[in-house]
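In what follows, chain A forms one complex with chain B and a second complex with chain C.
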Partner chain A sequence: MGATEDRTPRAARSGGWLWLALLALVAALLLSVACGKFPLDVGQIVASLFARLTGSASPLPETAEAVIWNVRLPRVVAGVIVGAALGVAGAAFQGMFRNPLVSPDILGVSAGCGLGASLAILVGASVGTVAAVAFAGGLVAVSLVTWVAAGAREHEPVLVMVLAGVAVSALLGAGISMVKLLADPTVQLPAITFWLLGGLNAVTWADLRYAAPIALVALLPMWLWRWRINLLTLPDDEAAALGTHVAQLRLLVVTAATLMTAAAVAMSGIVGWVGLVVPHVARLVVGPEFGRLLPMSLLCGAVFVVLADTLARTVAPIELPLSVLTSMVGVPVFLWLLGRRRQPG
Partner chain B sequence: MSSLLRAEGLAFGYPGRRVGTDLDLDIAQGEVLCLLGPNGCGKSTLFKTLLGLIPALKGRALLAGRALGDYTRREIAHLVAYVPQAQTGTFAYTVEDIVVMGRAARVGLLAAPSRSDRRMASEALRRLGIQHLASRPYTEVSGGERQLALIARALAQEASLLVMDEPTASLDFGNQVRVLNEISSLRQQGISAFLSTHQPDHALRVGDRFALMKSGRLLACGRAPEVMTPQRLAQLYDVSPAEFAKAPHP
Partner chain C sequence: MAVRRLGARSAERGVSVHRRHFLLGLAGLAVARRVRSADRPLVEIFGKTPRRIERVFVAGPPAAVLMYSLAPERMLGWPMQLSAVARSMLAAPARDLPMLGRLTGRGSTVTVESLMALRPDLILDTGSVDENYRSTAQRVAAQTGLPYALVDGRLADSARQLLEVGALLGSESRARELAEYAREALSTAARLSVGRAGPAPGVYLARGANGLETALTDSINGEVLAAAGGRNVADARGGVARVSLEDVLAWNPDWIVTQNPEFKASAATDGAWRAVTAVREGRLLLLPSQPFGWLDGPPGVNRLLGVRWLAARLHREDLSEAETLAEAQRFHQLFYGQPLTAELLRAQFDGRY
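Coming up: the complex of A and B.
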């Protein structure tokens, strides 16, 4: 009988989908490195990679090497990190808040990063400092929300967190407007605006040296606790009666999701809709079980951002802001999902 | 008979809002205690207190002879399972996924359920006659089937006592009978139940002893002949004994 087998049909089917998503990611990576003002073909990319891995001399001209290794690859890797982080954080938050309309921004991390970055740009800080202050701003915002929510013991904790997150985000948004008003309109204001729109055009290997380890470290507890995180989708009383320390587990998820989101946003600016739409699509194919949803959201998020960024730098003579593209794709997909009948199985 | 769960002079509720007071209860191993009382009399808050989800305001609750407060969440879950009233759920977990969550207190902190955990979940589904629902989404089965799935989850938890909040409330007649029979058959295997119900006849069908609760206090607690009398039940629900006699009950 099917149900008594170790792997349910759904788990087996999900395995297939995960491999497919991994293939799609590899294809997206190759496509993204190949496309641009200086077109390359896949053979050249593979040859260059092979040469680096084996330590032999690359058969490619120096310009092509520079385009691959200094221009495109850091950007593509950044796309993977941003998409993966937002996808995973979104999936975890939607489960934890028992609400499929929640995005990783819900506790104010993006608004905090935004205010941090705007302030840093206002005082004329270097690119690296802007990212660092943005990261810190995101963490401070979420800590503030968590602290306020912990004080309000009389209410449902999840609801208080959402409300506190919305309120703190609004306050930080007002702060960002204030900074924009004070900013020098010729240099600083455009810099702030572009930062808030999000993009990977300025990413270098140096940025990735910080963002990648933070995102990976934050991913680790999510992966280790992946089965138990499912219990957070139950009402608190039920999860607690099943033997779970709900508050501790929730804090773990908030910390991990905030770290990975802040690391991503500090590097890319605010990239909208990824964290909301990607988990929906992932859930549609592998179901809500977090052990399967996490890798699927990670892969889908990475594919989505890498492809969107490729479009952002190739479709128009000027580079489009990444967030504009992710919204233009993400919102219709989201509306289509809303209108769609829920599928059994 | 040894006492599994015992409340002595218990006052319960929330800080600043006392729901019930002066409550003494005792549930023995293998015993079914039914709790009856009007809506809002504090049944659910009492359950939460006895599950260790909210601290007692006064008095004490003992689980297997030890104060409830001295247990970890995990240890409580080894002894007591909670069967809440089924809600729809937000995400389309399969019924099997939901039942396997009953193993949470038995699997390692970082582990996922093993093959044998999954087997226990399947066995629990089979016992309640809903194995055909295993791979159906929990959000799309009927309310009665969800309630059965939650009972299956409690069975998968392997607890000695099931605390059940109106387990028959949302079920059709056939499922009510199935749930009540299941409670009786668990009792024969030495598993206790503490359940609330609005149906005196359901209580009489499965209960060993009966507790009547009104405004946070026990009116009576004991065996059917002393407790489940028309006079007492009429007093419990604020209806006249004549009206109560008219209502269909055994």
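Coming up: the complex of A and C.
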């Protein structure tokens, strides 16, 4: 099926778009590494990169080296992972739920991560533990939703899942409010609020050691079955008629999307609108076919978050919450897309 | 650019503007406000004037420290959960009072009904006072018929706070004793920093387990730094903000202070933090956080010990462990009515609590 599709003119055109997106990502990465508040010029950064590549001693002072290798690079890599994970998970969910308003947190993963993190901050856990508990919280929330949806056999399974997701998210949101009330208002409450606002300011290689492998492992099945995932956009009986185990495939998508979202959110906190808007933009360029939509969403998401985070850390004397910036860009784009959609054709 | 600002007692507050030029324009306004507040009493009372005050409900953690220091026997309970360590460092019976919750408008954890059921003679609140808190106080006073005393909690005014609240409670002699300490602590700190040659040392206040939250220059949570003769490197207007390690590296502070043992332990070994000169050269200071923080947490009279100690640490070469212990013991005895053991203080400086 994939082989025949690849020869269409649209596929050829979208191939060009993919290369362009890849180029944009490379440009965004270079820009992001070059920008920051610690004064470093491009020549110094190139010298440091060159020194690492050739294994020679760096000409830069130790502090400048630390800025490049321990602060900016992990942050840029984290931006790529968060953007890519949210973009891919959003694209998969929008197709699977046959609904363009769905975002990766529709099944409660963000709320679960948020509650996990808030509880961990409340009991004074270490940074690593907060991330681990957040990750676990996300998985538990989605497992709960899946389990509830599996029990409700009389209704349309996709609809039940969305409704259960909304309900569980609301419950977990109430839990977060409860934790915020109990938190110490001068020390813990700001920490919880900052976590929920999302941001990459505290990312280190240690965070990436966990988040990157999980995101990659979750991406793999999505990538391998990317053509097949198209079938989930069909009504269940039609998909089944084409020889698909719909329920199994759906579980695969939910598991993979949840794992990558939870890994991203546990590292960055809640970053809104990426998973909702990025797939729309990607679809606009390469069309709804998931085999092409997946790499495009991945690249667009990565570019978007890397650029937004570059702004977050450079425009004000202190850090701006990443979520605020992604919303400020994402919401107008989304509204524009809505307006566009209403036009016939 | 809009920045989320987190106040001392409530996270659900407005948005502040972070453009220098705009702020400079506002500076004149701020000066006018300062002048006006100088002739206004620190304590504003909403509702009917209280007569005999036997039962006091404290609205938030800073007020709790103030009340505990002045008249613990008249406290009804605590607005926050005290840790076991904190309780062991406070005097009975106040330390065993129940946790009643806090009263901060919509972020309250105590209901108006349970507040009224406690039959307090006075509600006492202190912190950074603005129109939002004033109107909240007014409403609560009108709704409950209870007098509500709102106290501006700026560190520099500590002595006046103690005296005015002491007068309100009828504990003048106790208040004078504590106010004397406050005056002495603040003036000692000021003298040390004035006597020093060269510019004020840059200080970064690291909050949170990763050390990347900080209190900005103007905030009630960061006041201790300036009072101790330091220059807060996070020079922006607002409350508590988030920064990145790159900001800290660019600021290159002479000192880093924290109350978070977790951060102190991880920064010392973390490769990224080792790039900060102050960390590498051992100028990362962990200050005690129990029973109440020396720097913040809450921003109350508990900071008087911290400001005095920090000023000595920043400006004197010869601050000894014995002197630190003696000063801390004096403060604990005076304000908390309970002796402080050398082991307990040592444990806190070592990050074992």
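Keep in mind that, in the parts below, the second predicted complex is superposed on the first by the 323 of 345 C-alpha atoms of A that agree within 3 Å, B and C clash if a C-alpha of one lies under 4 Å from a C-alpha of the other, contacts with A are read in each partner's own complex, and residues count from 1 in each chain.
Going forward, contacts are C-beta pairs under 8 Å (C-beta built on N, C-alpha and C of every residue); 3 or more make two chains touch, one makes a residue touch a chain.
Just so it is clear, the structure is predicted and the values come from calculations on it, not from any experiment.
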Which superposed partner A:R228 touches (first chain B, second chain C, both, neither): first
Touching partner for A:P190 - first (chain B), second (chain C), both, neither: second
Partner chain(s) touched by A:L320 [first = chain B, second = chain C, both, neither]: second
Partner chain in contact with A:L242 - chain B first, chain C second, else both or neither: first
Partner chain(s) touched by A:E289 [first = chain B, second = chain C, both, neither]: first
Chain A residues contacted in one complex by chain B, in the other by chain C: none
Touching residues (chain side chain C, partner chain A) in the complex: 1-4, 6, 8-11, 18, 60-61, 80-81, 102, 104, 107, 109, 207-210, 212-214, 216, 221, 234-236, 238-247, 249-250, 252, 259, 262, 266, 270-272, 274-277, 296-299
Chain C contact footprint on chain A (complex, rising order): 36-39, 62-63, 65-67, 70-72, 75, 124-127, 130, 180-182, 184-187, 189-191, 193-194, 197, 199, 201-202, 204, 313, 315-321, 324
Chain A-touching residues of chain B, taken from the complex the two chains share: 48, 51, 53, 73-74, 76-78, 80-82, 84, 87, 89-94, 96-97, 101-102, 104-105, 107, 109-113, 115, 118-119, 122, 125, 131, 134-137, 139-140, 157
Parts of chain A lying in touch with chain B, wherever the complex brings them together: 1-4, 6, 8-10, 95, 98-100, 224-228, 230-231, 233-235, 237-238, 240-245, 283, 287-289, 291, 342, 344-345
